[in-house]
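Per-chain residue numbering starts at 1, and chain names A, B, C and D are given in the order in which the chains are listed.
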């Protein structure tokens, strides 16, 4: 046991950071993930067939898949998806832009940044859903309340990551910038943001994930349209099969978003440098 | 007489720390002649780098002033180039773009940026690596990029803050010779901070020995060695004599600095 | 060549440099803004009124019972989530193969809006189990990811040292791995505390016998905003205090 | 190393303390304690806001269920979906939920539940607006898609000149109406009375437009019904007693209901006396017309395709004999 533990650790540490190897690993991972999903699906299918749980409560994967396929042909699904996509897109744009601004501000004004830090780091303790009545009064009953709250969700990781990234810039870069007489704008755009790039990108990725989570969660609990709302609606009206079709759609959506983000991040962070 | 070179008059720098004021540089009044190569050595923490920062305009002196070519230094200036100890190449820019960075900040035209960058890259011996990214280069090559960036602006004064400290012995000997060669070609005024005594003697015309806090220039030693410096010169009698003479001053200072630091920690 | 910023600031500025003072100042600003908002719209009760209601609630036996019910579920969710997350994270951090196989799936799962899984959790885990399960889902991932990353990025020399002194796996875990990953681990725990509160309370909105989520929902349905805001403030305050304490601890660790 | 060890020990101690502080709470108990006998778990929507649900709690508090040998525990599920799902999971034995939810749930193949009675067969839904807030074409708020309120609002839309807007619960609706985002929001007693006291007026009385229909339906878990049919009969006996209590001793009932629903006793009294046909609302006597109306509204609202066959859907056998209807045949 001792030996094996060490060996494994050594392999981990010894892995060379090589791009070609990575692609190879990426392929392995992709295949492995696909295999795992299929296996899990089969297990669920088997459990369903054995009657471990009622088909009415949790339908078998085959049923869900068939239902998902049927959904893709309905206008209602695309309408809901469009609404959710719009909300998510807007909250990504607003949330991440604001988060970036906030991050730069906190970096430029360290006192302000320090004052905000404890609140930012524990912000996830706030169930934002509870601000819904306030939103009704402020912006009315429409997509904007979802967009606003999801934007706030997206903003926090973006602001935090940008601040951490900017504060972690090697001091020599800023010394260099000063010594060559770079102006504040050049320092920000040519030095600070590129240097904090990986952190900003990670913040962006989290921001995107959180705006999806925020938008769907808001829809699920309060809103009147969108994928989250449809799931809730079908839940309330006991359309189990269709509901699971929609849940599956949300899983697919978040999967697609997560994967494409990783792809984008990889291209941005390594592609440009080679 | 027309003022020339670097003129330091009564330069002092004090820092306020929680443990009281630290006199990093104390009343330094020295002159670096135009076109000369001066090295500053001293125990670690003695304020060599602070002195360099004052000359570069990155650090304001608490009192006193520095003038370059008769002009008082008030802040960073294109006529002063700095090479830092740390790796200051920007990893998201190619070698050429790194070299062009300083010129971009100083409003050099695009076409000229290109030709001067190529020239500087060639000068530091990186021709062929223009489009490489720093992450693919060795530490020594990256410092060459930083050097090229500094030279491309064509400053009157080049300040080097332990530029080879992070490199291995062979690389630093080799790069040191390169710096000396480039200096011989461009004739710029160079102030070179190092903690390596041999390096200082091998490269420069003058070696300043600095004291541990308060940082004063204890001694200015002229290096009377032939202009053509072969690394083999380190085994010569003259070199050894110089080395011993400076070391005797430095050793006492280092010991004093070491004891003070230990005492502060205890 | 450290470039010190000369400290020209007077007493007030220097005070603001202190994070606690700065945070407090911000807190006061927020309270003032809250007061201002409450005078503008009827939805938001004034801070003082909220505090009064909170005080009254906390002396009410039934409310305390709700509080304990929620606290229990949060605690269970946190405990299970942390243990599970820590174990999986450890596995992923130690085994390159496990990482290759399971990491993408876990990243995808982390990106799921977990709330939509409530309809799945309820029939599978039952009424009380579902909210704990939801809390676990919320709390699991930050611990998992932080532990996996922490273990993976441990300096290799620690492993060499551990082998050199012939530490057994248990000793490696206790004396090498845990201390080495203490910072990411604490950061994960901090997030897990906050998120397990959110997860449990959100579930309680849907179905529960007792709990603060039910209190919030009831007052919300009644349009009784002071009680609702007071309960929300209580939840946020508790989660905030715990997470800030953990965060301070995390920052002080060397 | 010792620092870490000490920290771990401190952390462990804190965890143990927390466990001690939070542990050993059984949600089902409540501060009241529990009695022996046959257990009946009831999940219901709105037990903390609607008097016709809160009377169950009154029954528990007065010990009437216990007297019949029933150990009742009551909890609130938000919305029909949750209320009924805990019935299928076995967490609840009996559920009282919104009319549409129960009908839809009962149509699921393996839902494992049976509709056994209508509940509160009075149309007590009002749309209230801040006084003086009118619009040529008013917008009426409802809770959410598939809910009883949507069903009614769709019915109103066919008969009146109104727009509709999904908003949320009564509180949300009232907030939205006050903020002018909708003209009027849905409301039931005692919320209606309370808000009228605070400056609301009734814009639409659903009963006048659409007639009576049951607000909720009672469903039971089939396994439980098969195992303990006597418990269900006992349950309805107590409910009958509670109904009588509300109808004949309204003041006392209001006093008992007020704290449970978060309003003052005078407001609750007012709310009950203002209820148009208290005796019909608080009665288990099956009203076939109401059930037919419900079915028709669901068909015209597009929730179901064919009318509900109440003869097969409603299993009246647990109701006291005098309260059943033979209008559906069988």
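By our rule, a contact is a pair of C-beta atoms (placed from the backbone, for glycine too) under 8 Å apart; a residue touches a chain by one contact, two chains touch by 3 or more.
As the structure is a prediction and not an experimental result, all values here were calculated from the model.
Contacts with chain A and chain D are shared by C.
Ranked by C-beta contact pairs, the top interface belongs to chains A-C. With centres defined by CA atoms alone, the chain at the far end from chain A is B. Put simply, the C-alpha centre of chain B and that of chain D have 82 angstrom between them. Remark: chain B and chain C have CA centroids separated by 50 Å (rounded to whole angstrom). Separation between the centroids of chain C and chain D, computed from CA atoms only, is 34 Å.
Inter-chain spacing, taken between the CA centroids of chain A and chain C, is 18 Å.
Shown for chain C are the residues in touch with two or more other chains, namely 1-3, 41-43, 119, 123, 205, 220.
Multi-chain contact residues of chain B (touching two or more other chains): 58, 84-85. Along chain D, residues 79, 81, 85, 88-89, 171-172, 175, 178-179 each make contact with two or more other chains. The part of chain B that touches chain A in the complex is made up of residues 56-58, 76-78, 80-82, 84-88, 90-92, 101-102, 104-106, 133, 135-136, 153. Taken together, the chain A residues at the contact with chain C in this complex read 1-2, 5-6, 8-13, 15, 25, 28-30, 32-33, 36-37, 53-54, 57-58, 111-112, 114-119, 121-122, 124-127, 129-130, 133-134, 136-138, 171, 175, 209, 212-213, 215-217, 220-221, 228, 231, 235, 243, 247, 250-251, 254-255, 257-259, 262. Those residues of chain D whose C-beta lies close enough to touch chain C in the complex are 1, 4, 8, 15, 18-19, 21-23, 25, 27-28, 30-31, 43, 46, 48-49, 73, 75-79, 81-83, 85-86, 88-92, 169-172, 174-175, 178-179, 191, 262.
Here chain A touches chain D in the complex through residues 54-57, 132-133, 136-137, 140-141, 222, 224, 229, 232-233, 235-240, going by the rule given at the top. Touching chain A in their complex are the following residues of chain C: 1-3, 13, 16-17, 19, 22-23, 25-26, 41-44, 93-96, 100-105, 107-108, 110-117, 119-120, 123-124, 152, 154, 156, 159, 162-163, 166-169, 172, 190-191, 193-195, 197-198, 201-202, 205, 216, 220, 225, 228, 232, 235-236, 239-240, 243-244, 247.
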